[in-house]
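Okay, here's the structure, questions in a sec.
We call the chains A, B, C, D, E and F, going by the order they appear; numbering starts again at 1 in every chain.
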């Protein structure tokens, strides 16, 4: 789903920059002679890379910030220097936010709340009519000013900055999202249908999804959350 | 302004394909493994070329139809075969509309109503949830089902097909549009400021804009509309 | 050799679409105003990726089908959305074959017969003058209608569909193939020349190629085929 | 038709480089680690530009020679430095032919025999198994060793060099060619149908095609060929 | 020669940014994670377009300023939005110079001194270690601080800004320049050799180069400079 | 630092080809109609890939030689056939050096002297005014004729071939280099600051950098160089 949300983010952002919703009245790609929007993407993972792909395609000036040199290197190789890649140091995000027209937040920490990279103070320092599309809103958002919205009322404004924080972005393109999800899950379904429990023995990814088996609690995180003991999946499946 | 409207059309169209407004729920660029939207652009002029540029950048499958081989050749050269170019023959538009997810109409005849290339029947034959963005709405629109809308209520649905027919598209990105317009007009303003009437003597484009001078009606179209005689600009300016 | 065969496939396919051999009389890349051929590539491995590279370069509309999302993602990243990538579901292949002008089959299962993805019925449903280039013919072919041909008589026709099933495609470009093969094998030859048997101890790939040593049958597949026992290479080499 | 012939030339040339017809056994695009073919295109007009487009797409190393700096500049702009462009000086063609694997001749002088840029001596100096695709064969060919061939027997060998000199190349892709031709001619047909003779008065291109009218011979070249007088079209049409 | 000078400018500029000559110590293209240089090109003509081509290729962030919308549109089409194009308004140049790492001046007015677009004050406001490559130095330079230098001592520093103002840039690549010049002039030489004076009658470009003929002064600018009368070339050549 | 040095190499090489320092007087990218420089890159690792990126961007004809097919395959995929990739066989380097205008040596063997791929005899056979940029000079250089130089006197000439062998290339762009280095090292510094010695227990890369701990010599290479015994880091850290 990160692919879908990442690719939707620039088009949602383009909409946020329109006058109707309180934006700067800026065309993402500009036209010859008029500057394109400065798009800042926080995070160079799957969502960030897909956001960069579409933002570039729409003609924006794109900067990706990440704290892993390898992520930046991979992005630089894929886009052949068309994207600015900047290593995330102390005040990088604040400096870049001040001059951005659109900030796309894609920073996620698996299994934890997204880090609040954009402080309320930084939002105050942004241009009037600039926009933030917070793709990480599903895990709490990466701006202090982010709060979940819906497809029917997707945006709100804080300190002149348009915020788009739809919690379930892929829902807007349900046809595409359903196929995308099915493509990824169908091999697991086929494996289960063909092999039954044996599928879990052979495939660590499937096994990692097992919660309860033979009366035993198996998933360590579930056990931890409930304060109960768990038996490793490998052991349960042997019996 | 055709540049601005042309570049906005695919992002307006992307919005039209979202579930919220009645669209197919399709992401314009798809994702790996799931088909991108099939975007049909009617007309390969300035607006059509700019629409193709952005639609391609958003990852769509783009087809441009025109009745001038040279326009298609120019587009093919600019986009290096990434766009399908099809010569407009008898039933080309209808056939292509049936399989399109998004149709962008950019066909204009200078000084005349846009031709109705998309019949009401063709609209009925389109996929449910497909969309039409009619950039030529300023001159009446190129679909029989088109009628002007506004930025606050941009779309409506006919026979399951989402219609976006905002009459003043560039108004949504007023900042970009104003700069774009100024860039084009400022050389004329400077010429007038520097040279006064002499500027019209030297520049046929400026002269063509003259309506009334020295008590004479000069512009032939205005004269025709009012049923009055006119004196050629060249003659009036000599005196 | 998959690289060579994959790259040859579109040029063989372009030839199959010519009138002379019974094809549709279609130029792979079309010309501005006339549609390019719709090329369907079954399989996104080495051969399929190389076939896509050349087919795109020749100006065709290219679709790649695979059942692994990762293969499609890799292709989408390499070709920047210029290729349609479709996940292989139940009737995907049949639907896509019906509208394809050229189908390039590259599906291989290592050590097994290629799966018959294209049924005889699907071939009957294809356009008259369409073509199939079956790169997997070395392992039996991926169409039910495929049977091996030679460079001197490379094609035959079934139900109006031109079949190109040359069993040893790289043989036609022997100079290129020989260099390609040598480049890959020469490091192994040098290792054997430098180190003798020790090279097999150090390199699992070389060791996996050992068949017989010191009077012992070593290769498990050979042993299985002959109904004899085998001694593991590691053990034989220690003595 | 120059577009069609130009685009077909590299795929015809790829075939000529195969062992089966006496070629070097070289894959046009090589593979990683093995050199691609060196393709020399004589002439940077429509046919030459289209030949370059496809040859590049097939992965070849492409050089275009022309004697007009503007043609080379246009090609350099279109292909962004991916093509070598060389100004045609005294012995340029001979030097470049010696190291080429494939020479594509597209040099035409409207209404005259093609210049013999490739001497028989140059052919003798070419590599064994190299190939010449002579697109200008319709006007006599640009190699001294060229003589017309047919689609059923397209090639012959002179001094070890494979010659492909099919006089009607577009005939092999008749479907594409017919559409391409129709696209260009249909506007004229419509103009004639709509306006009759008046169409010739309004359009110099149509008028230039008039041969005989009202008992008068009109076309100067026809008149010259027959040794008769002619009356200018403009004058005949006025009556 | 504008092509050569334009293409040399970014590599001269890259050198100027090195520590050794007083530059900022910046790599033109940066590396993944470290920002590339911000290159500002004044003028979007032949020299400016070629400078943009190479600066982009070296990985810089490129902005082109011009006062003609058509020039910017042509550049935007050629580079597919990879270059920022900005219309030259009142304080555009000063604002952009302040944030640029490298400014390349290519502004020429045929037959007149280059306009002083970069004031001494603007130079003072530039970053320490930034650089100016003034390609228009041959016509006086477009910075108030520019004065001609030579290939042996190409740079000097004013207010911390490295200036590269070599008057004959193409001289450094004499081999390339000589061929380039010959390619352009040789058709004229051949015409003169083939046709003598008649060549001037047939070709307005050649005729425009005529200074003196049959005892008459022909070239108007030479006549004006010497305060003498001149006879139009057309008239002189008729006799 | 290999990224920085690799990207600097083509611009250093472009400078070497200028007349001023004894080069051929050739513009790296040529101009339309005049051949670009033939750039040969020895080694397809990080430095070689970055050198290829910039050399291509400057418009050169680029060939990369490596002895690992996988390196060539990766480069071919990244640059989409715009680079010639050649497998390094017996006399490949010598043959290619003879026709190259610029050779960039990037071959490194970790922890050992660079192999002398370019013999003094090969240098003698190169074109007069050709150039060698030896990026591997830090480890002794890959040409027999290489000896370290400095930024103030970067080049010298042997047998007519300009040699650029600056030992610390990244020093010229110290600003870029410092950021690049910091980006890579700062995660390690943070880990040490957060976790102290425990950081070495958890991260093999950090641990591999430990030289001495608790009175024990830990680094095997240092121990070997000093003829002393060493205690494995894992063991020392447990105490």
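One rule holds for everything that comes next: a contact is a pair of C-beta atoms (placed from the backbone, for glycine too) under 8 Å apart; a residue touches a chain by one contact, two chains touch by 3 or more.
For clarity, every value in this text was computed on a predicted model and none was experimentally measured.
Colleague: Which chains are shared contacts of chain C and chain D?
Modeller: Chains touching both chain C and chain D: B, F.
Colleague: Do chain E and chain F, two copies of one chain sequence, contact each other through the same residue numbers, with over half in common, or through different ones?
Modeller: same
Colleague: Please report how far chain A has to rotate so that its Cα atoms sit on those of chain F, a copy of the same sequence, as a value between 0 and 180° in steps of 5.
Modeller: The two chains, chain A and chain F, differ by a rotation of 120 degrees.
Colleague: What pair in C-F, E-F or A-E shares over half of its contact pairs, by residue number, with C-D?
Modeller: E-F
Colleague: Please compute the C-alpha centroid of chain B, do the same for chain C, then give the distance between them in whole Å.
Modeller: 46
Colleague: Go ahead and note the Å separation of the Cα centroids belonging to chain C and chain E.
Modeller: A distance of 52 Å separates the two centres.
Colleague: What whole-Å value do you get for the distance between chain A and chain C if each is reduced to the mean of its CA atoms?
Modeller: 37
Colleague: Identify all positions of chain B at which a residue touches two or more other chains, and write them in rising order.
Modeller: In chain B, the residues touching two or more other chains are 29, 31-34, 53, 57, 59, 69, 77, 81, 87, 179, 183.
Colleague: Chain touch graph shape: choose line, ring, star, complete or other and state it.
Modeller: Here the contact pattern is something else, fitting no line, ring, star or complete shape.
Colleague: If we use the touch criterion from the header, which chain pairs count as touching?
Modeller: The complete list of chain pairs in contact reads A-B, A-C, A-E, A-F, B-C, B-D, B-E, C-D, C-F, D-E, D-F, E-F.
Colleague: For chain F, which residues are in contact with chain A within the complex?
Modeller: 53, 57, 78, 179, 182-184, 186-187
Colleague: In the complex formed with chain E, which residues of chain F make contact?
Modeller: Those in contact with chain E are residues 3-4, 7-8, 11, 14-15, 17-20, 24-34, 50, 53-54, 56-59, 151-152, 171-177, 179-180, 183.
Colleague: Which stretch or stretches of chain C touch chain B in the complex?
Modeller: 29, 31-36, 59, 61, 69, 72-73, 75-77, 81-82, 84-87
Colleague: Using the touch rule from the top, collect the residues of chain B that touch chain D in their complex.
Modeller: That would be residues 67-69, 77, 80-81, 87, 89 of chain B.
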